[in-house]
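Multiple structures follow.
You will see subunit A twice below: alongside subunit B first, and alongside subunit C after that.
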Partner chain A sequence: MKRGVGIGLVVLLIAALGGLVWWMQGGQEQASNTANSDEKVTLDFWSFWGSETRRPIIEQMISDFNESQDEIFVKHTFIPFGDIWTKELAAVASKNQNAIPDVVVGDINAIKLRGQKQQVEPLNNLVDVNALQGVMHPEAWDAVQYENETYAVPFTMDTRLLFYNKKMLEEAGYTEPPQTWADLTEMSEKITVKQGNTFEKVGFYPLFGVGTDVWLINADGRNYITKDGEVTINTPEDREALEWINEFTDKMGRKEIDAFKAEFGEQQANPFLSEKVAMYVDVATFYTQIRDYGDHLDYGVVPLPEREEGSGHYSWSGGFALEIPKGAKHPKEAATFIEYMAGKEAQMYWAEKNFDQVANQEAGRAVADQLEDKEKEVYEVALTAMENTLLTPVPVEVPDLVSLVSPELEQATLGKKTPEQALQAAEQKVKAAKEGAQ
Partner chain B sequence: MKSLRGSNLVVFLLLCLGSVLILLPLWWMISTSLKPMAEILQFPPTFFPDDWQFSNYLKTWQAAPFTLYLVNTLFITLLVVIGNVLVNAFVAYGFAKIQFPGRNVWFVILLSTMMIPGFVTLVPQYILFSRLGWLNTYLPLIVPAFFGSAFFIFLLRQFYLRIPNELIEAARMDGASHFYIWWHIMLPLSKPILATVAIFSFNGAWNDFLGPLLYLNDETKYTLQLGLQVFKSEANTQWNLLMAGSLIVLLPVIVLFFIFQKYFIEGMDLSSGGKG
Partner chain C sequence: MKNPLRRADTWQGYLFIMPWLIGFAVLTAGPMLFSLAASFTDYDMTSRMNFIGIVNYTTMFTKDDLFWVSLYNTFFFVIWSVPLTTVGAMILALLLNKGIPGQRVFRTIFYLPAVLSGVGVYLLWMQMLSPSSGLVNTMLGFIGIDGPAWLADPNWTKPALILMKMWSVGGSMLFYLASLQSVPKTLYEVGALEGANWWHRFRYITFPLITPVVFFDLITSTIGAFQIFSEAYVMSEGGNGGPVNSLLFYNLRIWNQAFEVYNMGYAMSMTWFLFVIVLLLTLFNFKFAKKWVYYEGDRR
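Right, the complex of A and B next:
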């Protein structure tokens, strides 16, 4: 009798659990049935554009596509940024066609590696490669190629620009924005006001808004490893970049700079909008923040200054590309959708609504022509900067390149190693890793 | 007496200082959640909002179907807590009070599962659930809670060991079964530790991000933790809404802690006093 109570409880628990499993599984089957009852092919599209600003834009593009189609229906799912790729990887590894999405927004710099690892579908036979190559930004197009095969279609890019506060520059006697590193150093020194140990205002500091890596690219227009596989970390230009950064730190005081930086934290408070910093590096889309939250600001924008006259105003870009995960159910239909999204019309819509750089150069140009006033000014500068903008695709032969180099660069900017020592160490590590891979 | 009061005051002040340090980030969240975006971007940052925007909370709740996410999260969490409390208490009873061959070996094997980092089993587990046809259902999030957790079993077993065996022997003599003893003697005596397990598993399920991320494909099935991510993106994060959302999601956890605080302290008492 008493024993019965316990056994009864266990039986009840198992029954309840069984019921739960049965009920929920039934739910799943029903859901997939209703999706298939439509005659169209349903594509599962994953993006991380879920914010109030971006979601309506991407969903408008999707609904435009859906309306133009009688065979394909695209279903959009928001998956959090960054984690979207963890989920995609798990789905691809499961080889379960019901789990694998048809199109995913991927990190453009990871595409080569994902192609090599066979995590995404090759597209040469699915898309019009020649047409795409003709309109895409050459750096973006290169980033999605691996061994003569295309593994994704570029979608968006960005580029770093120098925003400057006209009033603060004028107060220091400058009417023209800086063109070279020497200009930045000189102007910053004149603008910066320090009271005791705190800055009242700062002219410029190279590591606000961007990292050391951007200045190494800016110095000579080369990545750590060139496209031909040459390791180009330890060059005189790169050394000069680190020395130039350290010069700022030494002159302004490391402690004081750190204290100033700590006050505006990660992305939250912005010192340029509050007119505490006169010259600031950010992506072109920063324009929308100035428009929305800093309309009092009289500012201008130029491509990143160059190391010395004629060395080139090189800048760095990230970006996203549309990929078809390996094992997706409808690669052909997915490719149709991707081509639509990379097309001029869709790219223009994205570029204009988000004030974003897009991979399709024709679309970028056309948008600039449509814009007016300040919007046009900033977008035109961004387009000019794009001509000298590099992407940094993860090299297949040294996938952990960044984690090999970054600690060394940090040692140099912290003053624990000389630029020469740090770059030498980084170069050795990368070369060793490269030889180990062969 | 006087000197005692003096030292009490020092302790009091030190504790106050400690509390302020701990509460500061929470205040930062609250204050950010009430500011307009333009003020968040201001530098130097303001400690109190200049412009109190209580509507941020409403905006947050409307930015995504949060009511639905709340219902989903509550459903998952409730079942996970039930599973964890019942099943682990049951298994722990066996390990603590029943002699069976190889008991210690099994216990060590059980504990060793705690040493495997979660991300190692992530993909195999995903494949397992995918083969079972459980993707895009709550099953991968709920069913594992009914199959025991090494940490909770360990916690409960240690607690049970302190309950005198005489109690069980006496009950056995009176003809009680193990089920009966577990249900009528052990569970009532171990309320504090059960509350601890309940709170831990509530927190675990409530705050779980990776599980729902991997297994749910339909946005209508999303949980609060996934919903909060709509405020973050590769570029401009909506800090005020993110903080407001995080605070709303944090609230039940805090409330729960205050409700069960009594049991926590009792649990500490029992584990040092060993009374039963």
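Right, the complex of A and C next:
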């Protein structure tokens, strides 16, 4: 009797396992069958644009594309920002075609490295490279190239600008916005009001809104490693940047700044909107926040001030690009969709609705022409700033670059090392890592 | 002579644990063996997997400064947080075992943080630890202490995390409470007759009888402390372990190596080194346990 039960259990278990395997395989076959039966290729497009603002925009673009197509149908899958790229990587590593999406929104600065790692499909034979190169922002285009191969198509960018409160500047006797670091220092000193240990208002502080790294780019228009592979961290310009930042911190007091910063919030509580800070660095989309929550503000916007007259109003941008994960089922159709998304019409729609900078320069220009009043003013300034905007692609030879440099910069801004010591240490570490990789 | 009935029982026993066995073999042991093998390669998940001998291990020990930084940070955290949370949980349990009025309410309140977990709690603590307006520094201000800039000052970030860990001792407190209840009252009565004060009662009656739970708590919280990751990932700016690498814990370094720069083989060798450390510590604990852990009914 007992033995009977035992044998019965074994049979049951084997049947269950067999069933599971059968179901997994069958399920996959079924999925691909339905795709074929429509005679349309279904593309799985992964993005992290799931917010109330962005989701309708991206889905409108997809449905416009679908309507124009007889052969391709794009399905949008929203994956949260924190998961999307690890999930994609797991799918690519599994080499299971049914798990791999066809198009994914990737971090533009990681594309070179991921191209080298063969995580994404090379596109030179799939898209019209020359046409794209002709219209794309050169920095963005460069970021998706690795060893003469294209690994993604740039989509959006977000350069940093300086917003300034006209009223607060005028009260201090300034009618023109700042042009150089010296202007920022001088104007800030005049505007800043400190009562005891607390600030009533602050003119400007370099590390509100952006990090030290942006000012190092602004100082000389160079990344830590140039495109020719030269390490340019410990330069006089970069030293000057750190000294300039520390000058603010020393004068204003680190504790007092921290305390002031702790009160910062979103929307109405944003320090620029509540007129607590007169000059503030942010991306162009900050305009929409001012429009929605700070209607009373009389403000202007300029490209980031330069280190000294003539050194250049350099700025930094991140961005996203569209890529085909390695091993995707329908690369050809995916490329068609990507070309549509990078095309003038789609890019204009995205730019207009999100007030984002787009990688397609023709689209950006055309949008600026269409806009009016304040919108136009801000967008035009953003377009100007884009001419001097750098991206920071992860260098393939030193992928760990930021982990090596950031702690040193933090030591400098916390006053634990002099700018010279910190930059020297950072440069040495990066050079050692670079030599080790060769 | 084997008993056929017994053999059938054994067979069925295995059968019943089969789902777990399969799960362990396929989902735990398999990947572990794979990662051991891959730790001797330059595996990056997508483009390569070449055998490179012990290069990952030699790089780790001789060339990677951040490996040592992360190891130091992790040991610092373990050495402080394990004793503090163990003693904290024990004291709390002793206090809540006194039969004071409303102790059920207190037990619930102290246990509550153990139920809450994850990113929400970390964000809450980031607000509480805010240098000027945070609750922690406001409270310190009441007693005249000018609190530090917890998460912004590299000297105070790790203490801040240890403080945060103290908040959730309620989980182990529950174990202590349960074991305190099982200490026979008669022993205390005898103690009282012999004139034992509270310290004698704790040292010679309570503590020896709850040592199995202390031991369990010590082992699990040590292993748990070595696994610290998400706190630093969420609470350091950009998830990089800053400021000045003060929150760069071992597992955060592993994560960054594996998923930011795709040095998966290297990340795996780091993982195995951590495994060896934890294994040795646990073995040592078990060996040492014979000296102080007392099981009722055991012969010495």
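The rule is short, and it goes like this: the second predicted complex is superposed on the first by the 395 of 438 C-alpha atoms of A that agree within 3 Å, B and C clash if a C-alpha of one lies under 4 Å from a C-alpha of the other, contacts with A are read in each partner's own complex, and residues count from 1 in each chain.
Criterion: a residue touches a chain if its C-beta (ideal position, glycine included) is under 8 Å from a C-beta of that chain, and two chains touch if they have at least 3 such contacts.
If you're wondering where the values come from, they're calculated on a predicted model, not measured in any experiment.
In the superposed model, more residues of subunit A are touched by B than by the other of subunit B and subunit C.
Of the two partner chains, subunit B is the only one touched by A:54; subunit C is not. In the superposition on chain A, A:86 makes contact with both subunit B and subunit C. Using the contact criterion defined above for the overlaid structures, shared-chain residue A:269 touches subunit B, although it does not reach subunit C.
In the superposition on chain A, contact of A:77 is made with subunit B only, not with subunit C. By the touch criterion defined above, A:403 lies against subunit C but remains apart from subunit B after alignment on the C-alpha atoms of chain A. Residues common to the contacts of subunit A with subunit B and with subunit C across the two structures: 2-3, 5-6, 9-10, 13, 17, 86, 89, 93, 263. Here subunit A touches subunit B in the complex through residues 2-3, 5-7, 9-10, 13, 17, 20-21, 24-25, 27-28, 31, 44, 48-55, 77-81, 83, 86-87, 89-91, 93-94, 96, 98-99, 263-265, 267-271, 273-274, 276, 283, 285, 288-289, 292-294, 318, 320, going by the rule given at the top. For subunit A in complex with subunit C, the residues that touch the partner chain are 2-3, 5-6, 9-10, 13, 17, 85-86, 89, 92-93, 113-114, 116-119, 254-255, 258-260, 262-263, 326, 394, 399-400, 402-403, 406-407, 410-411, 414, 416, 429, 436. For subunit B in complex with subunit A, the touching residues are 32, 37-38, 40-45, 63-64, 79, 86, 122-123, 126-127, 130-131, 133-139, 142-143, 146, 175-180, 182-183, 209-210, 213-214, 217-219, 226, 229-239.
Subunit C makes touch with subunit A in their complex at residues 5, 8-9, 11-12, 15-16, 18, 22, 44-47, 63, 65-66, 130-134, 149, 152-154, 240, 242-245, 256, 259-263.
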